[in-house]
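First comes the structure, then the notes that go with it.
Order as written gives the chain letters A, B, C and D; numbering starts at 1 within each chain.
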Amino acid sequence: MTAKDIRLAVREGMLSIEHVKRFTTNGMATDQGKMSNMNGLKIAADELGRPAPKVGLTTFRPPYTPTTFGTFAGYHKDELFEVTRKTKIDSWAEENGAVFEPVSLWRRAWYYPKAGEDIHAAVARECRETRASVGMFDASTLGKIEVVGPDAAEFMNRMYTNPWSKLAPGRCRYGLLLGEDGFIRDDGVIGRISQDRFHVTTTTGGAARVLTMMEHFLQTEWPDLDVWLTSTTEQWSTIALNGPNARKVLEPFVKGTDLSTEAFPHMALRECTVGGFEARLFRVSFTGELGFEVNVPSEHGRALWEMLYQEGKKYDMCVYGTETMHVLRAEKGYIIVGQDTDGTVTPADAGLTWAIGKKKPDFVGKRSLTRPDMLLSNRKQLVGLLTEDPSVVLEEGAQIVESGDTSIPAKMLGHVTSSYWSESLGRSIAMALIEGGFERDGKSIDVPMPGQTHRATVTGTVFYDPDGERINL
Amino acid sequence: MSKFSAVSLLKGALTGYKNVEPQWPDAELKSEYDVIIVGAGGHGLGAAYYLAKEHGITNVAVIDKGWLGGGNTGRNTTIIRSNYLYDESARLYDHAVDLWDGLSQDLNYNVMFSQRGVMMLAHNVHDVQSFKRHIHANRLNGVDNVWLTPEQAKEKCPPLNISPSARYPVMGAAFQQRGGTARHDAVAWGYARAAAARGVDIIQNCPVLSIERGPEGAVTGLQTARGFVKAKKIAVSAAGGTSVVMDTAGVRLPLESYPLQALVSEPVKPIFPQVVMSNTVHAYISQSDKGELVIGSGTDQYVSYSQRGGLPLIEHTLAAICEVFPIFRRIRMLRKWGGVVDVTPDRSPILGKTPVQGLYLNCGWGTGGFKATPGSAHVFAHTIAQDEPHPINAPFTLERFETGRLIDEAAAAAVAH
Amino acid sequence: MLLIHCPYCKEKLPELEFEYAGQAHIARPLNPAEQSDAEWRDYLFIRSNVRGDHAEQWRHTHGCGRYFNALRNTVSDKFIATYEIEQPRPTGSEEGEKSNEQLES
Amino acid sequence: MAFNTIVETLPAMGRFSLRCKRENTVAMSKALGFELPSTISELVRSGNVTALKLGPDEWMLTCPMDERAKIKEPLAAVYADAVHSLTEVSSREVSIRVSGPEAEELLSTSCPRNLRELTVGCGVRTVFDSVQVILTREEQNQFRLDVWRSFVPHVMGLLSVATKEFECGL
């Protein structure tokens, strides 16, 4: 860059010193203008016939001196680049050959391959063994919030879509949380420990967001409510046992409550001890099988896990990871917020109208559900898909078109949200968000993939044990 | 205005460029225009150009409070791509890519559009699902975007760390070959020169004080620092200042303005062939023709017009760059700067008519407006000239915030589990 | 980095302890069901986005955990005042400006 | 100069988050048998029980694991007349002690607060790198960090890198 270039820039109409800088790159070398800016300014000012102060300077930008990226990164490299959260049971998973996946800040056991197994073989086996006997899963990463105070039920009524006033202590219920825009934000099982105390669970990734949202409403909109929130995510290790033999594995360790269906039915919870540790025991299921979730103070998580693991050997119990959890819940049509829903899905779209308290005058997001666009019948709705060829596992994210439509650009109806090989059914299953999906029940659609189009039939989302008998063993 | 050509450049070189003309005249403000565009960035200058070229409307002024191209046009990281999920967005941005393709010839000005390809890294199972959803939607919309394995990504971009033991391992990438970069200043200058050549007045350093409306409610003109100017139509395209200008016409907007930062390294020899983006670790990087690594950071959390942002964001961005590209650990940052981005609730733009007769709005591009420049300008000119949106921008109304018909690309990429 | 005065902790502390929470003094309608679509849109989405003194919410997330309000100039980023959530928006006073002097790192 | 600042994790202890309205503070204090601190960052000790005021309506109570009943029972007994929230978080957190002449400087490598202003016997919730912690200055050269369990390796990792730098004289 020479003085001639600056004069040329001015003749080309670059009258602002910022234009001169950008046109000539004057001041952009490693000296960042410390050598060149004043000289450049004087040359431009002469050419413009204006005094230098009238022409002005470009904005000086930090840093003063070129500084390495590594200096800015500081300690944040390798394992310290970002926090990796691990549960108390994670070390056992590592010792026992788990493959992990990152889920928000956590790393979670994805599947537990045995010698020679790939992910498909391992997951098929974990699914088979859980449904046949019993499987154990580390659910500790689920977010947990303790909601306490005389207005706890009222607060829950205002936050979640569901009604909470009549939920008896010792019972739990699926809870659905919307944003004020009416779209699904989070979900989880919520237990009423006592009249004034709720044990709320959230998704793994949603824990911090949900607590922040609750605090925001409580502190800024409803400061009159006598209720307080405490994060208990890390207070508890959560171990899920699912399968027809789940009760048999658990029973020897439980003191203080009877596990029979009569005394402890589905969606009940009890405070008791398990393996000698104080525990909150939930009878819930995310697999469709008889299921329990044991919460013990997290420092005892691994000890209890090992006890149950030893006991489980009598029943050929398997341990399973998040992938098998995903398959088993999909077979039952249970959604995963963030996978089967995104930030554009209402409760009605997801087939969850049943989770809305009909008599409640208000809850967060309720008003938005009656905006004109929310009432259209051709909204994207969550349905099941069964491929014509049962061996074809659709790709998650694949787009869906009308049967026979081969145009480009195509009229896309929606996309596949979840798709798996179902070992229990001996075929593939999928869930999808499709325009006017509920009305397409029984009709076929196409999933065009490069070089090949798959045809599938729209179904309901419950593929396995539609009458829900296995939960009540 | 003379045409740039090999002959004219050679002639200039031989004569020491003694006779070059200003690229655009510094126009005097007239008392009346058919259309006044507020904001002389790429979108505003482009709209003026297309008004003149395609709609024969040349009694047009583009007014800016500062120097042209001095807002986000001159402050962004120049990434161009169109691999958006929803039909509405894909059409809008792909229209832009189509126009980028011939823009240098159209304007007779080299905007240095380089289709080096844009790679977006997937770091977890959720990213993989989300990117594949984009790829399939793009394919069926006729937009190029393909899936790369980690090895294929590494082959295209050798500095990439694909170690499976990384905190955020690369599990694959979505790659759009038609994407790339352009020289941001040249885009503003090229449009300014081409618009001025067709008779458009470019008025710099002339702050707009208010939009004036008549008794029927329609716009009548603008109060400016240089006095009142009559106008039949007013189009606001003033990223970073939109809320303030529109407020004077009594139109309140679903907009918030945040600082967005970018930075460059010292120049190095060509080493980085593509544009690489990683949403999960928050890093965007490409190498300019000068050799600098151009890096985009995130927005600060608070509303601000200060054109600067906090250092913690830069630290995080550079840590992320070092994680994904360990070889850049010892390269040095030369300078950082900030822009002001207008963000809508669904992070898609508002591009169309307003409740006020004769008032048109182009705003809310958030962190991604540069890539849309020619497409946005083109359909905005159509909307102004016809008083009717072009089919491509018809969905991007202000009304959608009332009906709930949002176009929320970010929500579609929701992260949870 | 901003330094922010927490009205509960009564200390001026680094921005890293705080989270921004949007424009202040936008009360949730007491009976949302009675709101028109346009009124509900205004509550959800319409913001003043002022270039100047902006009343806004912050939370001292990594501190006392409280939400509070602040009056901050959006051009200089300078805090004019911070105040408890129920209090009305103050007008900037010299004294307030002094006690909330903000430093740029 | 030798660097002899020690970083160690402490055994489990009983921890409770106590929340209540201002008007019930007196009843809480009466039930516990000592005056709850009234200023944020103030720490009060009574026998084996400590109470640290973290927010306008929030205290962190600690005690030995086997004395938790001393906190739980008296507060449960007054709940009907003085509503509050007492939630056990004993297992949520792990405490890290940093002691030695360079303790303050070592913590300053990742804590944005001006630690000189944290007086002996006081504690605050703050952020250490990206991690929320409760930081208590137990003595002039002795600090305690209460950290959510899964963040402990990250905090220890940062302290260990910083320690190495100090040991090298950096």
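What we mean here is this: contacts are C-beta pairs under 8 Å (C-beta built on N, C-alpha and C of every residue); 3 or more make two chains touch, one makes a residue touch a chain.
Which protein is which chain? UniProt says B = Sarcosine oxidase subunit beta; C = Sarcosine oxidase subunit delta; D = Sarcosine oxidase subunit gamma.
This one's a predicted model, so the numbers in the text were calculated from it and none came from an experiment.
Asks: When A-B is set beside C-D, which has more C-beta pairs in contact?
Replies: Comparing A-B with C-D, the pair joined by more C-beta contacts is A-B.
Asks: Roughly how many whole angstrom separate the Cα centroids of subunit B and subunit C?
Replies: The mean C-alpha positions of subunit B and subunit C differ by 30 Å.
Asks: Between subunit A and subunit C, what distance separates the C-alpha centroids? Give it in angstrom.
Replies: 30
Asks: For subunit C, which residues are shared contacts with two or more other chains?
Replies: 1, 16, 19, 37, 44, 61, 65-66
Asks: Subunit A: which residues touch two or more other chains?
Replies: In subunit A, residues 79, 82, 84, 181, 368, 371-372 touch at least two other chains, as defined above.
Asks: Which chains touch, pair by pair?
Replies: So, checking each combination of chains, I get A-B, A-C, A-D, B-C, C-D as the touching pairs.
Asks: Mind listing the subunit C positions that touch subunit D in their complex?
Replies: 1, 8-11, 13-14, 16-17, 61-66
Asks: Give every residue of subunit A touching subunit D within the complex, in rising order.
Replies: Going by the criterion above, the answer is residues 75, 79-80, 82-88, 106, 146, 148-150, 196, 226-228, 230-236, 297-300.
Asks: Going by the contact rule at the top, pick out the subunit B residues touching subunit C in the complex.
Replies: Answer in residue numbers: 241, 243-244, 252-257, 301-306, 308, 310-312, 345, 401-403.
Asks: Give the list of subunit D residues in touch with subunit C in this complex.
Replies: These residues of subunit D touch subunit C: 40-41, 54-56, 58, 112-113, 117, 124-127, 132.
Asks: Considering only the defined contacts, which subunit A positions touch subunit B in the complex?
Replies: Checking each residue of subunit A against subunit B gives 4, 8, 11-16, 18-19, 22-23, 25, 28-30, 32, 59, 61-63, 66-70, 72-74, 76-79, 81-82, 84, 101-104, 181-183, 186, 203-206, 322, 336-339, 341-344, 368, 371-374, 395-399, 401, 408-410, 412, 415, 448-450.
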